[in-house]
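Below are two complexes that have subunit A in common, paired first with subunit B and then with subunit C.
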Partner chain A sequence: MIVDTFTNRGSTFFSKLSTVLFFLCAVITFQGVIQRREVELDTPVYVHYAKYRSARFYHAFRNVRQQYAQVKFNMDADLSELWDWNTKHVVVYLVASYSTEKHEKNQVVVWDKILSSPEESKMFMKDTLSNIQAHPFNEYSNQFEGKNATYTLHWTVSPKMGFLSWGAGPGSYEIPFHKIITQPK
Partner chain B sequence: MNYLEGTIDFAGQLRCQKYMNYGLCTSAVISYIYGYLVQDSYCVIKLFLILASLVALVCLPAWSMYNKNPLKFQKKKE
Partner chain C sequence: MQKLSFRQGLAQILNLLLVLSSAYMGYKTLSFVTDCESPVVVVLSESMEPSFQRGDLLFLDNRNPSFDEAKVPSVFEKIIYGSPVGIGDIVVYSLPDRPIPIVHRVVKLYESENQTHLITKGDNNKIDDVAMFPKSINYLDRENHILGVVRGYFPYLGMITIWLTDYPILKYIMLGGLGLLTLIQKEEQ
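Take a look at the complex of A and B:
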């Protein structure tokens, strides 16, 4: 005689539970994929200047005295449209792009922020300096002179369930690097 | 039979499976609708697990409604 015991029913129940749970997460995930949210920005970043000088960061990758750059910019970007019921947070970062003789494409993150709510995603900032402590902006050849960089706002949408998605705004005009004249140590 | 085994008869098994299937699918649909209304996908998973716990309470123990149709064996031929 085949008997159905408590453990048999428990095993069947958890098998069905995991199947339905997987299907539920898949539905939420692919709804996010199908209803992908986009944001169109026009000139979200206005860069005042990019300055550099010789400095030494003891926590940086190379603990030597070399040239570091800092950017001052305005930002007017509304990313609240990226939020839906499956959004966990949005990571926004400013990327400097320039070319050198040795490397055609150089991209450096100079500023970033993690947005945790749709209200926080409506960003309006004036005269903001890039955080050189978090992102030391250093050129590989240690020469910023004569180079121009464009600055682009990028963002990454982190969902609760599903896949990451990326986006970017249009780039700014080419901004030259200026040297800060300071007294040497 | 051992009481802790929680055995049920064949008709009870079919009924239990039916309750399990309908209960879990209904829980999933209700959770999805509620999560969409409150615009939080975490709520979908939380509410689904709560409702699934209720379904487990109904299906896992050997309630008396699963033991109403015991097998009737043939009488011994004299």
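Take a look at the complex of A and C:
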């Protein structure tokens, strides 16, 4: 015999509610994968130069003096198409890619930004310097001479709920590293 | 009230154990499928704000297949098959002298045929993580230090875990409540 009481009604209601919420979360999570938003960029990054010199940062590699590089670039990229109702943030970062004898793939973030709205995702920057404090650009072998790097804009889309997604634009031309000659003191 | 028979009590306890062991088996299955000892972790600090807040649940994947370099895997393929750690991925790693794993973003990646080294940084931190490493470690190693790569996340649910840790009394209240519910609950005839 089924007793129709407030307790039973409440139990049935919350049971149904949790089931519906579960499926709603599942639908939101998987629609983000099936209905993924793409952006096609046409040469978003132009690099003026990449220069390096010997320096020392208190927080980088235990304050040991070594070679650090800095990049000057223009950026013209519209990532507002990545945004939909489930998008929370878009994190963009400029990645230097190059090969060495020891590692076929070296990738270093030299600049990044967190975009919090579609308007903010329309980026136009001129003569911007890479952030050498947050991303000290040193080399594994501590030798930049003779190396060339391409620079690519990457992004990560953080949803309000569900799976993260990634993307990248086309790379720039190969840019050699130049040494800065400083006058002896 | 109907007298609770011994057999009925045993049946109720068995039912509760079945629920708990099902949850545990589900967790272990997810652990096996993702090749990750902790496929679900809770964010405990603010170093990855604004993307992740304290109390968010993160779902990890530690599979490391070798992909054709020319082909960039789609998000769907990354989720179904896994993928190697890439620049900008958010990884969970542990250090030898730190009990709690750290969730940060890969900002430097050095890959060779048999070894992958990387350096991480929290989005909300001003500098990278090298200063946090013990003296003997200059780079994180993919095989030895990385527990998994973040694939997805769910907001707020992890707060339950944090509350249970911060307020131990809640543990006993919850366990006691479960026990009482098990014994009191009537079976419909």
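Methods note: the second predicted complex is superposed on the first by the 168 of 185 C-alpha atoms of A that agree within 3 Å, B and C clash if a C-alpha of one lies under 4 Å from a C-alpha of the other, contacts with A are read in each partner's own complex, and residues count from 1 in each chain.
Convention: contacts are C-beta pairs under 8 Å (C-beta built on N, C-alpha and C of every residue); 3 or more make two chains touch, one makes a residue touch a chain.
Values in this document were obtained by computation on a predicted structure and should not be read as measured data.
By the touch criterion defined above, A:Arg56 reaches neither subunit B nor subunit C. By the touch criterion defined above, A:Lys179 lies against neither subunit B nor subunit C after alignment on the C-alpha atoms of chain A. Touch counts on subunit A: comparing subunit C and subunit B, the chain ahead is C. Judged by the touch definition given at the top, the superposed model places A:Lys160 against both subunit B and subunit C. In the superposition on chain A, contact of A:Lys16 is made with subunit B only, not with subunit C. Shared-chain residue A:Lys102: touches subunit C; no touch with subunit B. In the overlay built on the shared chain, the residue A:Lys126 is in contact with neither subunit B nor subunit C.
Within the superposed three-chain model, A:Ile28 lies in touch with subunit B and out of touch with subunit C [touch as defined at top]. Of the two partner chains, neither subunit B nor subunit C is touched by A:Arg65.
Shared contact residues of subunit A with subunit B and subunit C: 1, 25, 160-161. Subunit A makes touch with subunit C in their complex at residues 1-2, 25, 29, 33-34, 36, 59-62, 88-89, 91, 93, 95, 102-109, 112, 114, 116, 133-136, 140, 154-156, 158-166, 168. The residues of subunit B lying in touch with subunit A in their complex are 1, 4-8, 12-13, 16-17, 20-21, 24-25, 27-28, 31-32, 35-36, 39-42, 44-45, 48, 52, 55-56, 59-62, 71. If you check the complex, the residues on subunit A that touch subunit B are 1, 3-6, 9-10, 12-13, 16-17, 20-21, 23-25, 27-28, 84-86, 160-161. By the touch criterion stated above, subunit C contacts subunit A in their complex at residues 50-52, 72, 74-76, 78-79, 86-90, 105, 107-113, 117, 121, 123, 126-128, 130-131, 135, 138, 150-155, 188-189.
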